[in-house]
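Presented sequentially are two complexes of subunit A, the first with subunit B as partner and the second with subunit C.
Showing the complex of A and B:
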């Protein structure tokens, strides 16, 4: 389980984090914190779908569901990924 | 009673002198937007009134009075001058929605510079294109975006100063980089504001077109005359209002109505520097007791998705007037807002080039849900025949929205691009590039763009810029980019891509291409859908027929295909 969290966190750091000095953890606000905007959220959703071979309905891809790695993990549980 | 009064009456008697007189401006006087938005308000005895209530994503709140604004903008103007920036130089603002962005904008204008705000999510390629074209001399940014600037600065020898507003001293600054602290700098009480005149350049906003690279729409200080009075009439701003414009000053709404309009009226405005979340937005309205709210259809539709139950958790009774801008506000959203908030969103239409609202709905005027409203007093508008470019007299016929040049905030040039600027004027009209019809009551009804530009979330994205960037991806042979319908953003970018021989299409490649464009250009330009194709439809002369692909996405008739190469 922690492996998935770390994979997602590493992906977000690699793909979205601009400030090299910024500390990011599992509870860091991604959407409200301005790290991932609503347009970029589409690519993060696509990453999760591709990586874990799932389809996340748009209705479930809310800013709240993507606002932290912890929240994303809650979402992935619905798809039996974790 | 609203500020404007009955629309038909004011439309008959309006002239721009009304605005000039209220601002105490006479032809030939000095006119500096920076001074009008800070010093003048203090001179009116409102120095201790709150100008800005700023809230960060973590909940931290900062408040600044108009006197604070006057001193901070003096300090920033003085700093720029001492650094070596001269009047007429282009100074880019590349920041999140932090206080330094708002005061920096006025500071640049106060010292005679031309403010060039750019959306902080822009990638390196988007930055280079715009900074190179404008021959920008200085960029004001924050630490989190410094990495992007460092990657491109070697390609921009004219970029002499990189000013960092939140330098913490942890890592050394590099060549051309200078620290500036709004809090710690010596406060400048008195500053000789640059004596700009009506036609002195003020702001340079870049906007996308169908072909070529983005163009810099150049405005002048006299734009204030339009921005002041339209804020007063359409936003209905009054002295005790608490106003919230949700737009980012990287785009024209964020400067015309997120800085100039409210502050030249001496209004308290709020800024929430946080990504979108319905709960946070509603809480912000409740906490700050916002009365006038100017937002965008994309945000309104996102709030609709969250439902009425989310609204009922908050006390939004402070709200009294709502407006919207960016793309047409659909009738369903207008009706939803009336039902949910007890207030109707008033749609407003204008563009980067127009500098201020030109066709809008007004407080006190009947709203026809889904309509753009009527021309602003002082604006002569029509729709032109698609072929002859003559005004269409018959009601209900679709034509090109056109405006008679001469309103104060009309753009004065595309930077370094006189030919394209001139091409916007036909038969004595400025042609907006949008199609609409006018009904029997004089209301305008938006139909769509007249070109291939994609309006996504209220922002225009040029297909050419994305297609050019896609060609730089090692797997892409050729591409065509169009807008496809989207329930929230109106349109999103879709890319049709033919891969190079031997490259296999895959989900991972699609994601890689999406991220490639997102980082190179911006999240707005990122294709949200990629379709791999064997080849693209072209004319016999080899030009890609985007309209065929677009028609397919929108379920429209494909139209004339007689020039297709494969026919």
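Showing the complex of A and C:
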């Protein structure tokens, strides 16, 4: 089974990339890099909530917290997911 | 006074940051009615300059049309200047109802409600009839006013990749259990000038029992063979549940917007849409002129036909000259330059040549997708377009981007 980081990265590739071949890694900037905008970020948030059975309050779902898979991991740590 | 140097300092540094990011907006001062040729002062303090306008939404050239101005004048004489009331207290005149009926007929819907603007229509409509049991599934490139409207609603928000029907279908399946599913899209997308695939969208809506919302602000009056909009173009008139559109672009260009569609949804807006309930009624002058606009566009296709000819000439001219433009058929024609600074420099040089067009770059458009957005109008004559094309070619040569691939341009200027 692949790790949490891989699962999240796969979801992001499938959900957001127009061009499947585009290089994306754990530290790629998602929001500031123009891959995910704040409007479409909701599906990523909902994916994490459903997948890991948590509730991320809006105050914590900041563009910064979602700006890379690495950042998301830091956020998930707060919820004892990792 | 609490506005001390501390508060002022915060805001000043925020404004400095906007400037540093290169996204500080400045107004250009127009000293003439809106038209294909205008007198502009820019930068401030410089001489007034006569330029050809390639960036207005005056698609049908009605913004300063003598018949419209005359209708506005008559409206002023007969129904006064202002209403000093929201619609449901004492702000509804006979001409407001007349305009709603004319829009219903023009758009081929069941009913219509006016709003102070289309921004307001979009801000009010979702909240008015959807709740927590529902989902709104929007194209990722919908207009900012739709994004705001969706944020105000309690229904769940989801998005699909731009015009990607497979992705939309996945989302419809994902949300199959919701009470109402609403697919949300612009009819024509204002930055790329492409059309939503409304035929496919309606097909999916029927398959998965979803409703369809279309913002036709950049289409009403000229897309489709009699200018009714994108639903006419794709032959799905009567199948779009909600159309929002503006009176502030092709349809006279003053202001005002509407929600048009299923009569129960329109009625819910009359009962619950906050910008309708809590903002002033559209001024009689504008309503009277808009009635005339709808009469003109309903009775003749002359202006939209001229716009189509202009659009074809312009698109072909740019392609033949060796520019890269976004494919399409709308009068929104983006000339791709990819690099943000190049788009700004290019626009500045065009202005020196007497052509007024604007460069757009991230975050208004995606990174590496900087462009000059040009917009055609039925007010343009061939001489305007020939002159504009010559200027584009001259500036294109200066930057050596003609007949170059995207990679070559990026190689030279970066993205």
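Please note the rule applied: the second predicted complex is superposed on the first by the 80 of 82 C-alpha atoms of A that agree within 3 Å, B and C clash if a C-alpha of one lies under 4 Å from a C-alpha of the other, contacts with A are read in each partner's own complex, and residues count from 1 in each chain.
Note that in this section a residue touches a chain if its C-beta (ideal position, glycine included) is under 8 Å from a C-beta of that chain, and two chains touch if they have at least 3 such contacts.
Since the structure is predicted, the reported quantities are computational estimates derived from the model, not experimental observations.
Contacts of A:18 after superposition on the shared chain: both subunit B and subunit C are touched.
By the document's definition of touching, both partners, subunit B and subunit C, reach A:42. By the touch criterion stated above, A:67 is placed in contact with subunit B alone, subunit C being left untouched. In the superposed model, A:50 makes contact with subunit B only, not with subunit C.
By the touch criterion stated above, A:34 is placed in contact with subunit B and with subunit C alike. Greater residue coverage of subunit A by touch, when subunit B is weighed against subunit C, goes to B.
The interface of subunit A with subunit B overlaps its interface with subunit C at residues 18, 33-34, 37, 39-40, 42-43, 46. Chain contact summary for the complex, subunit A toward subunit C: residues 16, 18, 33-34, 37, 39-40, 42-43, 46. Touching subunit A in their complex are the following residues of subunit B: 57, 96, 121, 143-145, 147-148, 170-171, 273-280, 302, 305-306, 456-457, 492, 507-508, 510-511, 514-515, 518-519, 523-524, 526, 528.
Subunit C contributes residues 138, 140, 147, 157-159, 161-162, 164, 362-363, 366-367 to its touches with subunit A in the complex.
On the subunit A side of its complex with subunit B, the touching residues are 15, 18-22, 29-34, 36-40, 42-43, 46-47, 49-50, 59, 62-64, 67.
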